Amino acid sequence: MKPRAGRFFEDFRLGSRIDHPTPRTLTDGDSALYIALTGARQILHCATPAAQALGYRDRPIDDLLVFHVAFGKTVPDVSLNAVANLGYADVRFLAPCYAGDTIRAESEVIGLRENSNRRSGIVYVRSNAFNQHGELVLTWVRWVMVNKRSADAPAPPPVVPQLPAAVPAEQLAVPAFLRAATFDTRLTGATDLWDDYEIGERIDHPSGLTVDESDHTLATKLYQNNARVHFDELAMRKSSFGRRLVYGGHVISVCRALAYDGLENALAIAAINGGSHTNPTFAGDTLYAVTEVREKWRLPGRDDLGALRLRLVGLKNLPPAELESPIAPGGAYPPSIVLDLDYTVLMPRRLP
Amino acid sequence: MKPRAGRFFEDFRLGSRIDHPTPRTLTDGDSALYIALTGARQILHCATPAAQALGYRDRPIDDLLVFHVAFGKTVPDVSLNAVANLGYADVRFLAPCYAGDTIRAESEVIGLRENSNRRSGIVYVRSNAFNQHGELVLTWVRWVMVNKRSADAPAPPPVVPQLPAAVPAEQLAVPAFLRAATFDTRLTGATDLWDDYEIGERIDHPSGLTVDESDHTLATKLYQNNARVHFDELAMRKSSFGRRLVYGGHVISVCRALAYDGLENALAIAAINGGSHTNPTFAGDTLYAVTEVREKWRLPGRDDLGALRLRLVGLKNLPPAELESPIAPGGAYPPSIVLDLDYTVLMPRRLP
Amino acid sequence: MKPRAGRFFEDFRLGSRIDHPTPRTLTDGDSALYIALTGARQILHCATPAAQALGYRDRPIDDLLVFHVAFGKTVPDVSLNAVANLGYADVRFLAPCYAGDTIRAESEVIGLRENSNRRSGIVYVRSNAFNQHGELVLTWVRWVMVNKRSADAPAPPPVVPQLPAAVPAEQLAVPAFLRAATFDTRLTGATDLWDDYEIGERIDHPSGLTVDESDHTLATKLYQNNARVHFDELAMRKSSFGRRLVYGGHVISVCRALAYDGLENALAIAAINGGSHTNPTFAGDTLYAVTEVREKWRLPGRDDLGALRLRLVGLKNLPPAELESPIAPGGAYPPSIVLDLDYTVLMPRRLP
């Protein structure tokens, strides 16, 4: 049958491995587009001399751009028939990607659980992205709700993987070559370093960004994520949303870009511990971001860098100043919260 | 007179040759934009290692991106005063273009025929695009209806060139270096090869893409095609369309990208045999694509590759499943069909 | 305090120097986007062989793209709390930038004048942009009206710098390597050279370009200009504009691109003498451009190149043919004029 219809729940087998088409070479063109699409200003991805002064051989491709491209590769095999993207965990950024690198992805089914209504089930996959040298650059787990082709089809016994609440400090991949001791804060204009953030601190990022149809669809096409909910207005008009949905990963990227002001020296993302897209985002929505500092970790063997575990809350159509504290306690999300992301960044430390 | 007003029908002379300004260097930036604008996923243009495994020295620039840029060069000289783009024929892709190559174009007037109302005429041009080494990379014929400056102006005797209905297999430029025998279908995730397509087969491509104003205008500006109908909303409000028109070439690109699912191993476009833009496309329209397999050709001296002559039908606001068969028999096009393109692709063959 | 709130009038000290974050590496990706965003066709920035034939080592990055990126760097420090961008002067393009170059900017406060209402003041800064080798590539003066934190705060004695009405011919930076004697006008298709323009001549550029939300916001994010007026629809709905404003620099770029037809051989911008954004531009507006030739200058020691001082008038929703002459005499601008820019270009001369 051409074309392939995507996998249904019964097509997944525990332990089976999927090679995802199509490898993708990332270039300076993708990086420029990523800046234009998100407004990102993180120094490591913007300025080659700054990256080289930190020990990188070149300006690395933005962590989230790599993530979206790798994630997009898994969509046709994993989530084309997904009813919902339920979550991700244990996302670890293991090696930098540079312009010219080619990314491919593969997944292994690590959990399956039929829903009680027998019409769908939850599929857990561990996905890995490799560069052209076969080095693992990114690994992550996600789980999606996938329709069954037939409610009568038998289901395997339920297997639900154990997933860590957060990637622990000792599992963060801190590049051996990275030297932050001489990091020059004049590059970012912000003097706040790891030492200057306090657990529980809340940062209301001042900028807002209104999303329009063309920019979210350009981004999602750049990532070669072909989930139809983002592109096909005619089909979406018949859905409960009534229109095209903004890809949740693009919301993460926009919020990370908005969170630059106040986190200027967060050099790289080391891990995404978990995250939920708590409400849909549509074109016309204005996004804002709030950060809460969740944990501060020293890193084994490093006194030049520390890790901050952050909560990034994405808002739509509500300026941060109007968001109550505590934010969404117990997971009670008002309609204005679109993203609740738990992630970990690397930041230079104040030298003794 | 500054600026130049574009040629009218009486300004074209049979046999005259036009050097088109402005040469254009294509880069990885253009390729990244092309992916973002169209959602293209063709492996040859996306992944350097895959292209190199096939014998290319690098990832070639997408065939249609080269076509649009070369075509755009001819617009100021050929079609700025065109009433209609009537068709093209004998479009042959002769050599790959790579990032860093510079494309220039020239045309020769090969036919002229005044219309009976004496107010306009049809101009046929053979256009050629060259790279910076002077190699011919692309050649094509198109014909346009162009206004006369004055109905009283005398017209030359009518000359209408003979054009082939299709580029025959023996005229397709198959690169000598291209080696498809070891092509790894895991790269595309689709096992269907040349042998697996049948003449008359219809493929309903599953995805749809809604076009917005910014994405079609960005694309057309990228191609440096300055035809005013695509850009000037104020002027177009007074036209019979009432608004900006989407550049037909961009419709081709979007439909080719949509047609990836079901034609994953169509590596490269070897020729466009002909095509019609049968209805206008506007921002807000959702495009879909249907392919019919028209012919299957063996290629002289090659058992690793074959050619498929395909019909690519572009739809607006009508999912493929709702399109009747046979599609538009005898050229009777319903309003939902926007494109009827006849083109030829190269695809690996199943080895004996 | 995180994040920084931007400087208020009392935070500026005469003579103080500001290092602006964040350096930015420019690439072929930025250049491709610039073409897609503006429709620019200037030969020097489009075709490597043409640039090299003129003596450049590579295709230089578009002058205005460099300007916007450098300008964007100054926004967080200079104009985040600006009420209005009042003007710029003495903008000199001193050295070409190439793909791979990294731009950083710094500013010096050269003038301060409190307004009579004591609630705001005018800040004059001289800004300089450098490449990664420390070469000064661009210098400019601008002045902005900035709010005071408190009306009661004392103000320094007023200092208003003397600014030239235009950069004189002998201060224009004409690259020593640039050789225009052999410039081939077939590259641009226009035979008009410096000799063929007359002082007082008016050129009505034929094309119009309608701006949409996504394209102006993509451009402004590409420039990493984070002024909130361009991005935050929710906040702007409460402003007197009622919606997002198009960044004035993007209007300059679009008008410069529209002015290609009629000024095809204007190779590079040597200076911007001054300019005013005389009315706001919003998404949905269609931009047009008119040029007036203001002065013609011979350049010291050069008979291959001359300078033209031009007035570039940007119009919205009014085709040039409907614009009266003289244009806005005495600075009386009708609502349809959005830009009045005084700039100087380098153009090849007809050889003796």
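Per-chain residue numbering starts at 1, and chain names A, B and C are given in the order in which the chains are listed.
By our rule, a residue touches a chain if its C-beta (ideal position, glycine included) is under 8 Å from a C-beta of that chain, and two chains touch if they have at least 3 such contacts.
Keep in mind that this is a model prediction, so the values were computed, not measured.
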item	value
Cα superposition angle of subunit A on its copy subunit C, in degrees to the nearest 5	120
Copies subunit C and subunit B - interface residue numbers shared by over half, same or different	different
Separation of subunit B from subunit C, taking each centre as the mean of its C-alpha atoms, in whole Å	36
Subunit B, residues touching no fewer than two other chains	27-30, 32-33, 212-215, 218
Of all residues in subunit C, those that touch subunit A in their complex	2-5, 19-25, 27-30, 32-33, 76-77, 99-100, 102, 104, 132, 212-215, 217-219, 221-222, 224, 226, 228, 231-235, 244
Of subunit B, residues touching subunit A in the complex	27-33, 35-39, 41, 43, 46-50, 59, 186-190, 192, 203, 205-210, 212-215, 218, 261-264, 284, 286, 317, 319
